[in-house]
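Pasting the structures in now, so scroll down.
Both complexes shown next keep subunit A, but they swap its partner, so subunit B is in the first and subunit C is in the second.
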Partner chain A sequence: MLQRTSRARLADAVSPWFVLIGFNLFCVWAATGYVMGQTQSKEYAEPEWYADLWLVLVWVTYFVVYIRTLARRAEPHIYVANWYYMAFILVVAMLHIVNNLALPVTWGSGESFTIWSGVQDAMIQWWYGHNAVAFFLTAGFLGMLYYFLPVRAQRPIWSYRLSILSFWGIVFFYMWAGSHHLHYTALPYWVQTLGMTFSVMLLVPSWASAGNAIATLNGAWHKVRDDAVLRFMFVAAVFYGLSTFEGSFLAIRPVNSLSHYTDWTVGHVHSGTLGWVAMIVFGAIYSMVPKLWGRNDMAWPKAVEWHFWLAIAGTLIYVVSLWNAGITQGLMWRAYDEGGALSYSFIESVEAMLPYYAARTLGGGLFLAGALLCALNCRATMRAAGNRVDEADRPLATQPAE
Partner chain B sequence: MSTDPKKLPGADPHTGNREIDPVTGYDTTGHDWGGIKELNTPFPKVALVALALTVAYSVIAWVLLPAWPLGRDYTRGILGLDQQEVAEERLRDLATLRADWLGRFEDPDFTALSNDPELMGLAMPAADRLYQDNCSACHGRAGGGGPGYPVLHDTYWLWGGAPDDIAVTLQVGINAAHPDTRWAQMPAFDWMEDGQLSALSGYVAAMPSDEADPDSEAATLFTENCVACHGEGGAGGLMNGAPSLVDDTVIYGQDEESVMVSLRNGRQGVMPYWSERMSDAEINALSLYVSRLPDDGAVDRTETPQASEGSAAEATQ
Partner chain C sequence: MSHETLVLIAKVVGPIWMGGFLFVVLIRAYNPRRKPEQERIARSILPDADAEDRA
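What follows is the complex of A and B.
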């Protein structure tokens, strides 16, 4: 995408491979840390210092390749998608480094102590955690949305100005919002109020992005109806709007007092990750795979349609059952009887989860079945590669004669 | 080649625009990103209104609540809320509600309390939740016990089943860290010979069904070594923590193999003490609840009859 929208080749031949292999190596290291108990007990930042340092190296290389490629661009401006990518790479590096500042016990040991302590540590952790959501699970994927949606719909982006507002709004407001993960904790009240209010303001740029994407489809609605790939992207934008609305709502303190620690949070997570992140990824995969393997379409176009409905049904069942589960838990935990004693024991709230968890298993199963179908479809497409050249392909920027 | 859109062929020399989108009627910005274009749509008003609304919400929140840091202090907000105080106040309110009935358990006459149906209607459901939250993980949802954990709904007790006895067990625990804890140690008989051990195991395993031979060598061994704690004929009832070996409830198991393990290694189950985690009144209410657990294991739980029936059946298995 960067190469297409900048009309420039990647800046280096070796370092992209280093980033690809290095990142996967990091994932292996991180996973072995989980299995063998070598972790530093920070959510979403579990890997220990040795893996963290490696990731810094990989990520900085990634940033350098990215910036060098961007600097070579033959277009006068930088496309919005590329702004999002840049924010994604830069901010993730910053978050990762700050949250993982730690001193190893000895150089020969996998264990370490974080340099932050007490409530500062908690705040840094959730500043990291929330912006990981924002920049790892949102900014990069917004970049994908801004590329694949207009390409697939063959429509111009609805509003250039709105995309600029959303970008800066998202980047600015997200930075303040982390404390909504620490409502009613030892974190001072004033920090919680700031987190809450900035989370509410964050809704505007988030919806602006979602709205901009949906308005871009004006004039292409017949394609949304006929093309499952475009429908994936449309649904992703809708779920993005839904989950950010839900997020801003959950960030309001009294609401959070009901939802916190319950499966409502997990429902919110998966309306974001399944409904938004995964859907836009599926849309991108179905756009890229035929292109890369020189075909007009996937090998099994019907399977794409099936996948779409499986994914939608799975996500809805999963999320709706967890909303119910979470709200039930929250209400049961806070209920007192007229004598001032708890109305339910904890185990009763666990037993009440049975129907919701059964539904959730079904939803997850449907979703997973769709993803398997996608994988098989990709494999079939790759094995039936053609040699079609995309009309939209253009030569790279003509170099001045030397 | 120039990259300035204003100099591209067909471009408006001022804005660089080249085309009007037929669907929306807006012109494009003139950018072209590998085929992607952007419309020059004016800023939608609704976005500005929404932004204004959320900012207004935030400003109101900042005025009412603690919000902005000021060096070593912060703006307190005109409501003057403090989350610690709010939380403590709510807890105090609940404690006042509870005081009405829980207070009567401070220094209880258990018989009188049990005869007050109104009080029981408040206290027993509350005690049930205390039991479920604190005890059921070991003793089962309905007091049915499990391997290593004694049954609480039967009529056989290690330390006594009257509410006062149970209250002491809860206060100090069994083999627990409390200084006055109840000690219950089944010593290891590892000094016995293998033949004696297996004879004894067989003997003890046959006791509940009354098939143990009273004239065997094992019977003598039993009288010499075991009766001091387990009572005449293994009947228990000494309230010293040693269970009866003739009834049909067991803690660890009374088949030959389990008895062999008990004899070789000894046993010393731990029941935690609760005096630091619960008030005396709560412990007393809970003791009354445990003493009233029906002997057949079916607990009368008015709140969720279906759920408790299913799990009670499971727990007693």
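What follows is the complex of A and C.
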């Protein structure tokens, strides 16, 4: 996308391979750390210092390749999707470095201690954690939405100026929202309130992006009806709107008193990851794979339709069952009898989860079945690669000799 | 600098700086003179945009 929207080749031939292999190596290192009990016990930031330092090296290289490619673009402007990618790379680097500042016990040991202490450690962790949701799990995927949805619908984004405003709104507001993870803790009350306020304000730029995507489809609803790939993107925008509304709602202190530590939070996260992030990724995969392998369409077009309905059914069953599970847990934990004692033991609240977890397994199974179908369809498409050459497709700027 | 002064600066300067920056973005993004350029940018990614540019 960066190359295509900039009409320029990547700035280097070797460093992109370093980023690809290096990032996967980091994942292997992080996963082996879990197995060996080497973690620094920070949510979403478990890997120890040796893996963290390696990731800094990989990520800075990624940023350098990105910026150098952008600098040699043949377009006067930077398309809005590339702003989102830039924010994704830059902010993830910033978050990762600050939250993982730690001193190893010895150079020969995997163990370390964070330099942050007490409640400041908690605040840094959730400044990191919530912005990981914002910039690792949202910004890059909004970049995909702003590119693939207009291209697939063959209509320009409904309001380009609104896309600029919502970009900066998301960048400014998300930075302050992390403290809503620390309601009713030792964190100063005003910091909790600040996080809650900015979380509610976040709804404005989030819905601006979701609304902008949906309004782009005005006049193209027949394509949404007929084309499962575009429907994936439409559903992604709808779930983005739904999950950001839910996120703002859950950040409100009294709501959080019911929802925190329950499966409602888990349901909310899966509404975002399955309904929004995965759906836009499936849309992007089905747009790119035929193009990359010289075909007009996927090898099994009907399987795309099947995948769509499996993904929708799976997500809805999964999320609705966890809403029910979480609210049930929250209500059971805060129920008292006439003498002021807890009405239920913790294990009773676990036993009450059985029907919801069974439904969750079914939902997850349907979603996974759809993803497997997608993988097989991609394999079949690659094996049946065509030799179609689209003469009108000129991704790079015209060279002087031409 | 005392803790209270630092907290006051964080509470006042942070929101003003951020709100001010967003106001500048609002003015620049919604400047009517930028509209034709924005429309061109929005269309630049569409499949037929390359052909139009070359024509």
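Annotations for the structure displayed:
Rule of thumb we're sticking to: the second predicted complex is superposed on the first by the 394 of 402 C-alpha atoms of A that agree within 3 Å, B and C clash if a C-alpha of one lies under 4 Å from a C-alpha of the other, contacts with A are read in each partner's own complex, and residues count from 1 in each chain.
Assume a residue touches a chain if its C-beta (ideal position, glycine included) is under 8 Å from a C-beta of that chain, and two chains touch if they have at least 3 such contacts.
Quantities reported herein were computed from a predicted structural model and do not represent experimental measurements.
Because the two structures share subunit A, they can be overlaid on it, and in that overlay subunit B clashes with subunit C.
Within the superposed three-chain arrangement, the count of touched residues of subunit A is higher for B, of the candidates subunit B and subunit C. When the two structures are aligned on the shared chain, A:T5 is found in touch with subunit B and with subunit C. In the superposition on chain A, contact of A:W168 is made with subunit C only, not with subunit B. When the two structures are aligned on the shared chain, A:A74 is found in touch with subunit B, with no touch to subunit C. Of the two partner chains placed by superposition, A:Q120 touches none, neither subunit B nor subunit C. By the touch criterion defined above, A:V151 reaches both subunit B and subunit C. Of the two partner chains placed by superposition, subunit B and subunit C are both touched by A:W190.
In the superposed model, A:N24 makes contact with neither subunit B nor subunit C.
By the document's definition of touching, neither partner reaches A:N296: not subunit B, not subunit C.
Subunit A uses residues 4-5, 75, 77, 79, 147, 150-151, 155-157, 160-162, 165, 190, 194, 392, 394, 398 to touch subunit B in one structure and subunit C in the other.
Within the complex formed with subunit C, the residues of subunit A that make contact are 4-5, 75, 77, 79-81, 147, 150-151, 154-157, 160-162, 164-165, 168-169, 172, 176, 190, 194, 392-395, 398. Partner subunit A is touched in their complex by these residues of subunit B: 1, 3-5, 21-24, 28-29, 31-44, 47, 50-51, 54-55, 57-58, 61-62, 65-69, 74-75, 77, 81-83, 87, 93-98, 100-101, 122-123, 125-126, 128-129, 131-133, 136, 141, 303-304, 307, 311. Residues 4-7, 74-77, 79, 147, 150-151, 155-163, 165, 184, 188-190, 192-194, 196-198, 200-201, 203-204, 207-208, 211, 218-219, 336-348, 351, 392, 394, 397-398 of subunit A are the ones that touch subunit B when the two sit in their complex. Touching subunit A in their complex are the following residues of subunit C: 7, 11, 14, 18, 21-22, 25-26, 29-30, 34-35, 37-39, 41-48, 50-51, 54.
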